[in-house]
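Below, subunit A partners subunit B and then partners subunit C, in two separate complexes.
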Partner chain A sequence: MKLKIEAIATLTPGIRKFTLAPVDGSPLPHAGAGSHVVLEIPGPSRIWKNAYSITSAADAPAYEIMVRRVEKSRGGSAWLHDHAKLGDVLEVYPPQNLFAPQRLAKRHLLLSAGIGITPFLSYVRLAGLAYEFHHCCKPEDEAAFRALLPSGPQMTLHTSRHTLNLEALLKSQPLGTHLSVCGPESFMDMVLATAAHAGWPAAKVHKESFGGATGGEPFVAHMKRSGVTVTVGREESLLDAMEAAGLAPPCLCRGGACGECKLTVLEGVPDHHDHYLSEIEHAANDAVMTCVSRAKTPELVLDF
Partner chain B sequence: MNTSRPLYKPFALDPSGLAHLIVTSLDTPPEGIEDSFDNIEVWTVKHAGPGVPVLAAGGIRPFRSTTEQLAQLGHRLGRMTAGLRFYAIGSEAFIWDAYNIAIAAGMHPSEIFLHRAGPFVRRVYCSHCRTMVEDVPANIVTCPSCEASLFVRDHFSRRLAAFMGVKVDAEVPGEVPAAEVFTS
Partner chain C sequence: MKLSLKPQETYRDDYTFSNSDEAILRFPFPFPEDGYMYSVNMEPHVRGGATPVYDKVFDVDEHYIGDMADRAITLDQDPLRCQVLPHMETAEWDTLELLMESLANDYPEHFSLTKNGDKWHWINRPLEIDQTFTFGRKETLPYDPFEYITRQMQGDFSLQDQRDNNLYMDGGMVTSQADWSLNFDVGMSFHEWHGPVPLAHQAGVFDRALQYLLRLQYGKPVRRLNWTMTANPRLDTSPENYPLWGPEKAAITPENVGHRMCLRVELQTLHRLPRSNAILFSIRGYLIRLEELVKVKKWAVRMHRVIRDLHPQIAEYKGLPRYRQYVVDYFAPFDDGRTLNSGIAAEQDSI
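Presenting the complex of A and B:
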């Protein structure tokens, strides 16, 4: 669907908020708490497809997203920060939800850092959601984040990760609590490790991660069935390279979370960066998630 | 194999838990837990003997009945924090009653461990009048409410913690075969 940039706001030096409204005023698809949209972002040599959490209410007339300028950006966030202007029309795919609030939770412990705040901004709009929310940010961003967040005893803003006593917090949660976490990989790794140490079962710990598609060494991928060979550059994903070669491989979240883009590996060893396959499946090395994973060997042969 | 019958692993504590609550419908705690982990509490049922049971040593708390025990369980779980592992040991009816209380308290199935022990008796749900018949030892039983002779099918409802009982002489009224005692 075609959406135009209706408003742009600078929240912090590194984060801009975009309001995306339908060109023809038609109603937008419902976007429940935790949903994200994928935007097509024009670049000098190719189109980027980036996923962003929707921070507006489910039935709002326009979607709001927040975009952090990624250092060494692959292209998407840099364009949205430097070139996007009011009235620009972007191709936007309908929202998907891979991070909906846990239905069976009695209450929710929400932990985020930096731009990881975005999925939870839709959570806290839900009427009657029992939650405790801790957000960590840089001291200079405190005022901007405070303006986005509800006030009350259930909400705590930390200006450093180190003021959050994670172990004590996790050990004191009532039994029916589910933990949801979003933020940089290092933050989520720390939270997940502390939660496991505090006896939290994996089934009660939920993480949202986008932008896991970090670059790496270039490699070559051969598509056995289509007979196409692509070279995956240092700053692009396997999925990007396949699309640039004119292929239409399956994909959905583009963040290693949904499992849609899984392809069978016939030869070579993948370098897994996804959160979808289990440890056992990773060790088997017979499947790869093209959106975030790369190769440990110079070449991969894929069943596509 | 009948897939509605849950399978149970041998009793073992889950080392990833920080605290452990074991409820058993038997009067003794499971063997081998004394030195296993810290933070273990065991709820037993003192079936025989005079007087009101008092808190025994070693984190063992005896109750007068499973009814009293399960009535306390929801309140207790409501006060517990993350990191708990919950274990129920006893008849299928008892352990699934306990399971359903734990789920209602917000526990996840991966935090709950069930172990079947004690006599092979079943709770039977009369599918004609919805009466629950407790401690049924054999596969034919008369419903105490509607007086139907029930055949106990090998069909277990986790929600009701009961086996389904259907009229055994539906085809030929009065023709009731000999009952077989449960061996599982």
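Presenting the complex of A and C:
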């Protein structure tokens, strides 16, 4: 869908907030707590696809996202910081949710650092959510983050990771608490390792992930019987590329589950992403599910 | 094509239910090939396709008024047919919105929805309902939101919560089921509620289906067809009421099998809900008497082959053994040995 940049706010020197509204004023798909959107960002040599958590309410007429400028970035975040202006229209994919709050949790422990605050801004808006929230940021960003966060005894802002005694915090939580963490990889790794050490079961620990990406490095697939060669781009599936070339390969679920699109691999090594083939079949590398799987070698030769 | 609704039919006692010629031709016949085996037969639920019942997000047909009257009777006798666990309240509102928007969009002559912020106005003309309410405030509706809207939509529904890399059946409206009980299954995980199904577990069908559904995306619903057979066009073939319909199964004879026996097909669609991240599972059932089904030549021939060659464990699970031979014998005269095209299309325009 086409959304236009309706407002831009600078929250900190490194973080900007964007408001994205429908070009034609039509209602947006709802974005439940924990949802993200993927933006297509025009670059000089290619289009960047970046995922951002939605910080506005599920029924809001526009999406709000926060973008941190990635240091030394030449990609999407640099464009959004340096070039994006009011009225620019971007292609935005409908929201998906891979970090929804656990509805059965009696209590939530939310831990974030820096830009990792974003998914939890939608969590704390949920009515009746019982939570304890710790956010870590640089001292110079304290005022900006404090303005975004709720106030009260359940909320603590740390301007140094050292004021957060993770081990004590994780060891003192009541049973039934779910831990959710979002932030830089190093922060999440530290929290997850501390939680594991403190005996937290994996099912009670949740880490932000945008995941679900079907893309990857481009590769070439030769169809031996039909004599057609396709180049599979970074953001399309092998199945998409075959269909775009006018072929009609078998397919059904388009999600790696049904087995319908299986093709025999004659040469090359597939990169398996499906749930249909067994581990042994994956290891044999003689079949590929075209809807989700890709290639580890620059080329595949398929029996089609 | 404009949808016209029949006056109220009955699905119990005198069983006045019947299909018009139009309803027969649009029946979702479930067998694309001459044989049947379990598979992950799911595909994107996009408009159009092999059968006209794929044309709308939620299909409404000529039996709407009778279906809703039968649901009301069943709920009156057994309120536990509709249950939603407390943590699914957001999913209830998601369901209400999805169903109201879909019905108003697909059948504007019958349903309309007007939103003014959270003040909503819903009109259901066939059931003569005119309701204003506040979205998110359940005290402004005569029932809880999930029960309210599923009393107005054909087919059964269940609500799946997603957690621990699994799906849990944490709510539902189930009054037209093929011998399963929401009251028994509520709260179960995906593999638990599918426990009784034979063969498919060993084939890994449920492992793969679960992985597929965990990744179900908002705005990209999926569908499959499932089937069984029912003696008499009865919607409520529940375990709770087996004493009512068990004897009807036993009363099937070679003489009455064509009139009484029904093929029962479920169009199952799954929808990711936006606010709750739950999954709405719609089980939209269609019934057709065998004597109606044979009016489509291709289906009569294929039914003979599928039922004749059905794996004994699947026949057992679907409750067919008692009358399976009568069904095979009923269809046998239609099967002249011809080769049939793949696919479920009727391949005829009239009856």
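The rule is short, and it goes like this: the second predicted complex is superposed on the first by the 207 of 304 C-alpha atoms of A that agree within 3 Å, B and C clash if a C-alpha of one lies under 4 Å from a C-alpha of the other, contacts with A are read in each partner's own complex, and residues count from 1 in each chain.
Going forward, a residue touches a chain if its C-beta (ideal position, glycine included) is under 8 Å from a C-beta of that chain, and two chains touch if they have at least 3 such contacts.
Note that the structure is a prediction, hence the values are computed from the model and not measured.
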| item | value |
| --- | --- |
| Contact breadth on subunit A, by residue count: subunit C or subunit B | C |
| Touching partner for A:170 - first (subunit B), second (subunit C), both, neither | first |
| Touched partner set for A:106, first subunit B, second subunit C, both or neither | first |
| First, second, both or neither for A:257, with subunit B first and subunit C second | second |
| Touched partner set for A:80, first subunit B, second subunit C, both or neither | neither |
| Touched partner set for A:97, first subunit B, second subunit C, both or neither | second |
| First, second, both or neither for A:203, with subunit B first and subunit C second | both |
| Intersection of the subunit A residues that touch subunit B with those that touch subunit C | 104, 203 |
| For the subunit A and subunit B complex, residues of the former touching the latter | 104-106, 170-177, 196, 198-204 |
| Residues of subunit C that touch subunit A when the two form their complex | 39-44, 87-88, 90, 161-164, 204, 207-209, 211-212, 215, 217-219, 222, 274-277 |
| Touch list for subunit B against partner subunit A, complex | 16-19, 77-78, 80-85, 105-111 |
| Complex contact set, residues of subunit A against subunit C | 29-35, 58, 94-97, 100, 102-104, 203, 212, 252-259, 275-276, 278 |
